[in-house]
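Following this line, the structures themselves.
Next, two complexes with subunit A in common: one pairs it with subunit B, the other with subunit C.
For the complex of A and B:
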């Protein structure tokens, strides 16, 4: 247990380092752009009518305080980290004066909910069906499922998404094609709202699961025969272990370890996928927020969204790293 | 007349190979017949190079695959006809495998001792944990290990020799009448190899268990077996008493096999002789 404690500490430090470097890269890139939020705000505010130069100077110094752009580069950087550590990304430029943190906390649950559920669903279903298809090679139904999964997998995601939109929004219009819930509905814990959220999430979730499932299916199905050929599976068969148990605790469990690593990678990449999904289905998540922030040159918002995704990706990897020694005794917690 | 322990009658196995358009059938085993007596346990060696069909034969004897032609009878009962779980379990209690790779013998994610308990519960009728542990310990004692050494250990924490002995112990738990050992020492350190080979002979004496010992190694076969068959391209080319066959091989392949062993030994003897006489040039030979 002490070894695990040490391992935990080491991984946590790695996590902190990765996040620190990642955020700094985002900081440098956004600050290297010629966009100056202070001048932009001033030009927006003074576009109409006359403003006295003294008033503009006062405005400039108070805005510099607000955005943390006053002083030397080092001062700015230190001020930036001082604010980041307490979760303050400053006010948004495009939605001034709403704080970036508020915009993100509004969008994050939509992205996290949709992407987590559909990624886990695709992973679970793909692995289960792939494992069964690898184990029961002769089953017609599983063969058919394999053909479907492999047929959809190589199709580019946005094409699958558009086909679903056309099918269920136009040809057979039974599902809403945009938004996260019906317009005019008040968010709250009531059946009508929750039902609307689920109905609106069906198409984007379905598109993600359909495209995601094939990879897991194929990966798992090709892992199964190698494990079935291992001596311990033969021993188990001749040791009177029941077939279902062999599939569960021998075949699937041994094949799962590489699949869990794959899951971590995918969870990390959730935000890349979210951008296209949310654009196509008009979903009000982080992806949409990031796109609009980039278009508006709202760099505090860009840094905010990037920071969140850096933390999420590193956290997913950290979580898998922490779980792995518990999953596979051969991986020593060191 | 009493029934033979195991009887193979004209057993053949063909696999479909090649591509979709160039389907061809490869005969792994063709027309193999032999039988093992029930009264007197023996070590029966099947010798052949890789690809000679000896492992396919083992899989069929274990009931893991069905012969394409011919029948395999265990105590007069057709092995392929064992459909129900009860019949299969009854068969497994009598016939157990020992396979080649000790490092693959146990599920890497499960503790080795648990695997032994599961076997004791499934095949030796152990109804509770204490009985399962007693059965496991008893079998481990037979191979020179003890439960205390293995308790709570994962396969990667044990050596190849320990794992292979644990695999043998696992096979002994149901007190089988026949062990099918497929190249059981080929992946074991040479220093431990003879210990395990002798263990088989010893088990035959003490537990009165018959052993089908499959190997490509003429020397170990000669040491432990009572009878041998030599297989080539899926067919038995020579069979009989181990000492007689190896002393006076008849078939050209058997002669070639024996000569290859002798030539290695000859080279070895020559080399050591040259080195000991101080001729350094000679050691390059």
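For the complex of A and C:
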């Protein structure tokens, strides 16, 4: 149990470090670049019509307050962190006066749900097929599935989502290609609404699963032969243990541990893919929110979505890490 | 060197296919130097012409020849991948080799930072960067930032090799001969990790080109520099699919998929080449 406590502590420290470094990167990007967001906003706002100098001065001081660009570098840094620690990102400029935090908490469940379902599907299917393909090397069907999965794997999320959009939007229009549920439907816990949500999430989830499956497939397929050569597997085979049991409990069970570590390491990339896919299919999650915020020039919303993304992804990584000891008892024993 | 290439071409269909596809893409990119049209000029050809013998891939709504536009775009996109790969290789080599050789607390510290960069969601950070830079956003700047964010995974891989190299006798001997850490790492260990550097270069180019295409398609880069993503961006801006000018979108999408698949096949074959067991199995079964 003490070993588990030590493991837990190490993971928590890593979580804190990721959040610390990630948010500092966001700070450096917004504050160390030669462009002053305050002057930029002012020049954009005063480009049309006449604005009195007093009004510009007032605008400048309130913008400086909002962007946190007044005072010394240390003051700015402390103010930046202070606001993030209390979760105050100020009001959104494009959806004034709705607080940024409200907009994000509305979008976050859609992204989290989409990612959870598609990641579980891609990871589960990829590992299962990869394990089978590594065990039954001569199976034609599995080889074919492998070629398809590996062919799609290197293509970026955007392109795959775009091709799916064209296929199911123009060529063979059977699935809804935009939104999270049918328009005019009241959100509620009933069959019609849930069905609509599932139908609308099919294409975004499919594009995430299609891209994701290849990596797990390849990883599992290359892990299986090394475990099949281990003494305990050979012993089990000689002892007449059934093939299915060898594959399930001896081979794949042991190969899962590195795959879980791999999952924790790729969550950031999967998140990148999810928010791009959302943009393609007009899914109302963090990705759509971020991109519309950029187009609307909404500084506080962009900062808010970026920092929440960093925190959310590192929290998800922490969760996966905490599940790891369930699969690999050696962590607790040590 | 040539023997290795010959063997790879003969026994490894992934390498052969990847090399041929990438070679074709490079030829297309090289054709940009003899392009009859300046890449940035618009209305140099009749707009919206379908593919014909005069305009092989048709022309777009901005009056540009899609084929010649594509040659410049793919050249810029490939160059972007190479620049990001070179810069991020330097960072990952420095971090990976030193962390592996020094070990102890230096290793632990470097790897904590490294793991942080692995899990960070890079896309929102780059969008934030574009948001701040706006019109000052340039191709070179994006390459630099992408390189600074994209070295971590490979640094971990290089470190794992450096860890095992450290226990080899020649490392101890070099240390006894009075070489310092920097000398040992660059003169003794570097040659051993070069094969990994080559495979990770392919993967990294895939990653950075994907990033560039995605950001450009959304309009979050300097869209006036012709790139593959920039072409798709302008096609989307002109609603090319709705007005039926499909060749404007299909051409860059198809070409970029060829780039991705060829780089991926190359990295896959190199990976297998590095592992002597799978190489022997392949040559044996022929």
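Some notes on this structure:
Just so it is clear, the second predicted complex is superposed on the first by the 247 of 334 C-alpha atoms of A that agree within 3 Å, B and C clash if a C-alpha of one lies under 4 Å from a C-alpha of the other, contacts with A are read in each partner's own complex, and residues count from 1 in each chain.
Convention: contacts are C-beta pairs under 8 Å (C-beta built on N, C-alpha and C of every residue); 3 or more make two chains touch, one makes a residue touch a chain.
From a predicted model like this one, the values you see are computed outputs, not experimental measurements.
By the document's definition of touching, of the two partners only subunit C reaches A:314; subunit B does not. Of the two partner chains, neither subunit B nor subunit C is touched by A:259.
By the touch criterion stated above, A:231 is placed in contact with subunit B alone, subunit C being left untouched. By the touch criterion stated above, A:166 is placed in contact with subunit C alone, subunit B being left untouched.
Touched residues of subunit A, counted separately for subunit B and subunit C, are more numerous for C. Using the contact criterion defined above for the overlaid structures, shared-chain residue A:240 touches subunit B, although it does not reach subunit C.
Across the complex, subunit A meets subunit C through its residues 14, 17-18, 21-22, 25-26, 29-30, 33-35, 37, 40, 150-151, 153-159, 162-163, 166, 170, 264-265, 267-269, 271-272, 275-276, 279, 290-291, 294, 299, 302-303, 305-306, 309-310, 313-314, 317. Interface residues of subunit A facing subunit B in the complex, by the touch rule stated above, are 230-232, 234-241, 249-250, 253-254, 327-330.
On the subunit C side of its complex with subunit A, the touching residues are 112-113, 115-125, 127-134, 136, 153, 206, 210-211, 213-214, 217-218, 220, 232, 241, 253, 256-257, 260-261, 263-264, 268. Those residues of subunit B lying in contact with subunit A across their complex are 62, 64, 88-89, 92, 95-97, 99-101, 104-110, 115, 118-119, 122-123, 154, 156, 167, 170.
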